[in-house]
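There are two complexes below, and they share chain A, which is joined by chain B in the first and by chain C in the second.
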Partner chain A sequence: MAKAEHKVLGTNMPRMGGVERVVGKGIYGIDLNLPDALCGGVLRSAHAHAKIVSIDTSAAKAIPGVHAVVTAADAPDVRYGRSYIDRYILAKDKVRYTGDPVAAVAAENQALVKEALGKIKVTYEPLPVVVDTEEAIKESAPTLHEDMPLPKNLPEGFQVKNVCGYTGVNIGDAEAAMADADVVVDEVYETRMIHPQYLEPRVAAARPEEDGRITVWTNAQAPFPVRTEVASLTGQPLNSVRVLSTDIGGGFGGKGSGVTSSAGLEPICALLAMTAKRPVMIVMDKAEETISTTIRSGAKIWIKSGVKKDGTLVARQGKVLYDAGGYSGFGNQAGGRCTQMVGGWYRLPNIHMDGLTVYTNKQVCGPVRGPGGPQATFAMESHMDSIAAELGMDPIEFRLKNVPAKGDGIVGVPKLRDSSLPETLNTAKEKIGWGKVKLGKNQGIGFATGAWIEGSGPGGGAVVKVNEDGSATVHIGKVDFGTAARFGIPMIVAEELGIPTGDVTVLNVDTDASPWDAGTVGSRSMLVSGNAVKLAAEDAREQILRMAAATLEASPEDLEIVDKQIQVKGAPSRSVSMASVCTAAHNEIGDVIGRGYFDSKASQVHEREQGSSQPFTTHAALVEVDTDTGNVTVLKYVCVHDVGFVVHPRAVEGQIEGAAAMSLGQALCEQVVHDSEGRTLNPTFVDYLMPTINMLPPIETVLVSGYPGAGPYGTKGAGEIGSVPPMACIANAIYNATGVRVRRLPLSPENVLRALREAGK
Partner chain B sequence: MSLEITLTVNGKTHTAALEPSTALVDFLRDTLGYKGVKLCCNTGECGACTIIMDGKPVNSCVVLGADAAGADLVTVEGIADGDALHPVQQAFIDTGAVQCGYCTPGFIVSLKALLDRTKNPTAEEVEEAISGNICRCTGYTKIYEAVDLAAKQMS
Partner chain C sequence: MDYFEPKTVSEALSLLDQHGEQAEVIAGGTDVMVDIKYKDEPGCLVNIKRIPDLNAIRESNGGVHIGPLATIHELEESDIVRERLPLLWQAAHQFASLQIRNTATIGGNICRASPSGETLAPLLVLEAEAEVTFSDGARTEPFGAFFKGPGQTSLGSRGLLTGISVPFPAAGNHAVYLKHAVRGPMDIAMVGVAVMATANADKSALDDVRVGLGAVAPTPIRAPKTEALVSGKALDAALLKEAGACSASESSPITDQRSSGEYRGWIVDALTRRGLAQCWQALTGKEVA
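What follows is the complex of A and B.
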């Protein structure tokens, strides 16, 4: 629980590293300056599906200034993957999407890299291509992975091909309850692939060291998983690999949780450096990224619900086909989450869902901003409005009738400790002016709720070192790209140690020195590192107070730290400075090192026993539809969120607004477009449309309070949930404006106009 | 074949060699060391590499380095007055408009160019000035607020 009073927490302190960013210091991966480094580059498949008959690298190797040319033959015969171990760092025997890495080159300069890549002769035998999940599961479809078995948990009736993941949801008896329902609504929804399009390109650098170790620099979100995979995929012992993180220019999951769910760039770079015996740096080109790195997958969602006439939900059945792309990547995890979320977060006693993750000849699914959630919610929350319309009920009233309350279970949560969903609904209704604002011609208001269940996941540690001047140095395993690591984390240390936030330095990750961590993923920075850092700072404070107690002739419990002075509570004139105590510590314990960790398993047990408090949200949009062009203009957008206790309000709002904007982009215009041969038709920013400032109104964020979560002081994850509702929210607003339901993204002028015309409008 | 050009960056004169095909963004970053000019899309669409060239904001990825011969350039490194940040820079920090910060130099340079042109820009002029800058972190809301705050402090 939050203390009655905080000095630092809850304020908007300037982010650590803010000045460096506004004056243009070279702090990102792309700004790395490695003396004597060669340039690296990757040859990517021009075919979406083909056998590799032969690769001839001799002409490339013969070019003066080319120091290494590597293929799968030069790497250990080891594959990687998350639940399916199905991928080599460089394609062996087969390529499975356009952009699949086939070979890599290190040379004196970029021009030579390009020349050498052009001289690698790959002979392919093209195979039939499948880009659609419904086609891919047919018996007639080409098989992508001949040696991969179907998932062990695949039920009867789903023994179809190219499946690499299955998730089932079985609660109550959905079939019987559906038969008893007064009204049944049955729909199909479809979302398309988008690319996270972080602005800083993917970068990897590697340097073989004199002692036989290898140092890898990366702007990936998860340095420790990168270490594990670089070691295994290059055949090095784990302790021979050191990974250093740089500052990161955006990630959103695209620079994901290790090699598996990102570009696989680090092991390729390490292999080049080991072969060339020189440092090598690879900077990806943006168009190369769009066709080859991991993305937010498309999903096809069948959803059917049964309700009573009074609006009580009684049953849901459905199916999800989730696109993994050419390899399983993060597909099983994201597809599973998507399937669960189509089940929803309302009180619903009977649910049956089947979710299949399916290989296609497209680029690979990654964990982009709420993996699976935005897709599921486009279907689920559009569907909720369809049911309300069918019943003739107000969409807010229909949802309020079915919200979970304290003690209820929802999919993935056995028991809720409380439920903020009703408050977010009511607040969103009021803020957008539902029933009050006078709507113009073709204007409409839409709502969509969202959840991002905090469940199981890795733990992580923290070390807080207090220096002899009273300043603190913090080691965590999470990296920064505008998230908690440089906003809220320093504030927790400042609060607990009674020192200014500016005296706290959070270091970049060095796998030789930092505590292990799964990375900055899953909206878990505050939960994991926040809890760990709080405990580490408390540990450091206890050590300091114990030493000060002797000097002040008081007991440690009677002491407090205020503005870097340790003083006796109620008698502030009896004080000693942090600096003198921490300097004197050199003669006692050396220095003050506080250690803390977040025990994820213990937290899960606690939440299961006590019931858990989950983050919920409702978004509301006011839109205007141009019925001549199909263009949708968002006039007002409100995000109401419960994220528990808020350490840094502006940082949290910024996370929510940015996540919302990305999904608003997916709602209105964003998609990676493939042709039937699996070629990406819009690889550059010229063709890949993203929201700019003149496309979106300022987003209003409202944070409701009183529902403390499992994070420090009662925080909850805030990084991804903002991306969950927007697509459904806009679709519902279009429905409210025009009476037309669009079930396929994007809600672009073309698709909206087609839907209007088909409806005779 | 390389050629040699002379140009001014943030008031400092540089003479350096470059290939005729080198983009200005690469010349500024790799040869002259102005790493604050951020490389991203290489197609003039995202605005991360925005600089002021002879008073006008340009995407330096779609300008040839050779075309900057004799030009007067301002990059994000040249906007603060010593240690004193420009009000736009300070406002970006104060409003939380700097998340990952990778797009920030481009926004700041675009806004500086606008404020050099007109002291009291209208909302439409502000939107126009930064409509070529993409941010994926903030959703633009905090950037709107930063511009408002900077305008208040400058008037």
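What follows is the complex of A and C.
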């Protein structure tokens, strides 16, 4: 759609609330100041795997100023989880990773909390620890969850244990096709755990109310799932729990998986508040975050492909071991997506994949930005380069030979309505200067494509209230942390109602008032809330026009709203102000309340029948490798994306650059390092290496257009996909520079130099 | 935890005598504050930051006197350091972020005695001396004798570092400090190599070659065999290769979460070669052939 059709969409409106955040006026979790509040803290397991023999809290409780000390015994005998319901609010009987919450304290001040936590006597009986997925599935491995069965869909023939998820991909006959292939390339890749490292620590506060209800404040991305879990884990009726969102200082999916993502912080806080009968606030420490909250898992990926001599892909077989950590968390969802994506998004008629999600004594998998995708793509797109090299083909030509076209299916998508993959490849090739720039010594160019399948997921609603003056107040269930809630959403309302964006207020989430929503996750803000809010604004507009019709002596269909004036189309002098109509409306119907919802099921059926348009991407990097030290410098980076229609170009570019930067960090330096006993060796920013600005190249983002998606006006999700290609892209550039393939992340100086030396370079 | 803010060196020393091992000296606080948060609290903190006149940087007796409370940024901004002690200036310039450099002191960097401390290998190469003061008197000792092990110095729990004397290096020297870390300055060094040398009169050979190594032994060290191997010789590719290997053999790096000992050895080799080659080129105007 051309920009000219719209007044607001396609512009770069300043982010709502952006200035307040920058000048320090935003109310983040840590800024909450509840009168009479106690400080809370959590005792975490120092063992990665141990039986809890006993917990003695008497000394802690005896300290004056300590108002509550709680353990699993103080909570209902209820567990939580997604695919497997395998976790208590506080560890009961066993701890399964270092950082597993065991007990919690509320006291008058932080020093007393620390003192009381130190006085809780937990007697552990240490158990053998397993931190590696390959070891964990062996018969000899310790059992993490004695009462959790193997997945129901696990095919026969797997002699495994500690498995909490299985995903299979079976398309065509991979075995037969592999046997017929001219060339077979067989490789193993490995990625490491990273922490999403949002800069704002996890915060929860809870206040028991006079009427018996409890109010919980959280900086989670998903307040409604938090409400459900707090109610269930503390034994409250759902409607007794009210969850309010604070401003959020980054989440990246790390705050996205209900209370799993915070290792139960919100229900623990609520339990403390209910016990102490006082408000309680807990602020996590950065090192505590790094060892205890949800992460992007490491994956081991076996990938084997068969090709014809002309470069046609004919078969792929593979296996994924995806690390869930001590509990199932988001492991099966992320591991399943990872397994599918190793199958790829090229035209490939024969695929067989087995993906196992495995318990280990490490912290728990969460839905970190593109869950499963970056790991899969590191393997899959590195592998594509390996095949091209084996065939002696140009990596771009090899990919173009195998891209899907309109009407083709790819793993997870039965039929494509169109395919932007070739255009992204060709654009990236041109922008990075492939075959044109003169490469210096040890310089190389790499490419990697990416996909992030927009598939199933919950629906969600929106309410647009039009006030007496024509301004609008918007309720959605998605919180704001830099995605559409304060960018695209107010723009859609302004566009549809003919009012300025400054007249639109988007409320933060209050589960007592906001429409239900699964949370700001899965690149779905525009798809879900965008679609819902568009329908809600249209609904409100229709009501207003109906009321104006009598005054203007015209039919509602002949009216339009332009700059807050309702006018007859083609005769703008016949007009009435929106304010006067909306004021008058109050005498008739009260508020003008527009309602809309995103019907996820109907959308899925439509996409299946009509074919869907997927947000393909290609990234390109120019790097230089110091062959003496293994240091990799990224000199230039290009992100070419199809995100469908673009409502707010700078917001989209910001998401893409941020996502690329995040994965460049994982590519070059980030990892959570554990010893064999499951202890985290680098919990603070002294040792956990986030990329600093001096490591990051200029990033050029190019948006291709003409492939409308399922979002409003044809948008597609843009929050996660930028994180999918970078690791493979850098690995491929290193290969191009040195002829050496590094199959294990991070592409740190040591891993790169080791690979160079092993290759005799 | 008790907190003291002595106004004089003697007041600080009597506090250290009184509290012994229980006392922790704090100046810039960039290390101590992190430790207080993540390790056990000390019995008391003795904050020496307010003791006057301990941050001077001035010329003295054929060298530079540096007060231990001089911040890393003050070193970086000092004309005499930049012009006369470029090796120390380079180390200060690659020392973390500006915020940290504004707070961290050279005395803190030295007394922390971390093998990876940025200024330590340069001080060894510059043959600087520590002024060490106890309640019963002061003495000077070379930094080679000052460092006893990771976190251990000859100060023990009762001494204070009250001055740093750095002699001016020989005229015509060239020096280079090379830091290897994943994030460059914004990271703790995996390896730091300081190389300083002069050339002989006809620029045909290197003289007085000094090599200091950081983060690859329990203390920062010199690499005397490498120094002897190269001093008095013309640097060619074969000698350079030999010097790199020799330097690596003089180090004894450990494996930790940052890197393996083996990799650190490779980097000592690479950076020693790089440092020597840069000195050779700067001093003779010739590439290593």
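We adopt the following convention: the second predicted complex is superposed on the first by the 753 of 761 C-alpha atoms of A that agree within 3 Å, B and C clash if a C-alpha of one lies under 4 Å from a C-alpha of the other, contacts with A are read in each partner's own complex, and residues count from 1 in each chain.
The definition used in the following text is that a contact is a pair of C-beta atoms (placed from the backbone, for glycine too) under 8 Å apart; a residue touches a chain by one contact, two chains touch by 3 or more.
Computed from a predicted model, the values in this text were never measured in an experiment.
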item: First, second, both or neither for A:Tyr198, with chain B first and chain C second; value: first
item: Contacts of A:Arg754 with chain B and chain C, given as first, second, both or neither; value: second
item: Which of chain B and chain C A:Gly17 touches, first, second, both or neither; value: first
item: Partner chain(s) touched by A:Asp628 [first = chain B, second = chain C, both, neither]; value: second
item: Residue contacts on chain A - larger count, chain B or chain C; value: B
item: Touching partner for A:Gly250 - first (chain B), second (chain C), both, neither; value: first
item: Contacts of A:Val673 with chain B and chain C, given as first, second, both or neither; value: second
item: Partner chain in contact with A:Thr684 - chain B first, chain C second, else both or neither; value: both
item: Contacts of A:Asn694 with chain B and chain C, given as first, second, both or neither; value: both
item: Contact residues of chain A, present in both the chain B and the chain C interface; value: 285, 287, 684, 686, 691-692, 694
item: Complex contacts: residues of chain A adjacent to chain C; value: 285, 287, 628-629, 631, 668-669, 673, 681-682, 684, 686-687, 689, 691-692, 694-695, 748-750, 753-754, 757
item: Complex contact set, residues of chain A against chain B; value: 12, 14-15, 17-26, 28, 30-31, 196-201, 247-252, 283, 285-287, 481-483, 648, 650-651, 653-655, 657-662, 664, 684-686, 690-694, 696, 698-699, 701
item: Residues of chain C that touch chain A when the two form their complex; value: 34, 37-38, 180, 182-188, 256-260, 263, 266-267, 270-271, 273-274
item: Interface residues, chain B side, partner chain A - complex; value: 34-43, 45-46, 48, 75-77, 79-80, 85, 89-90, 92-105, 108, 127-128, 130-145
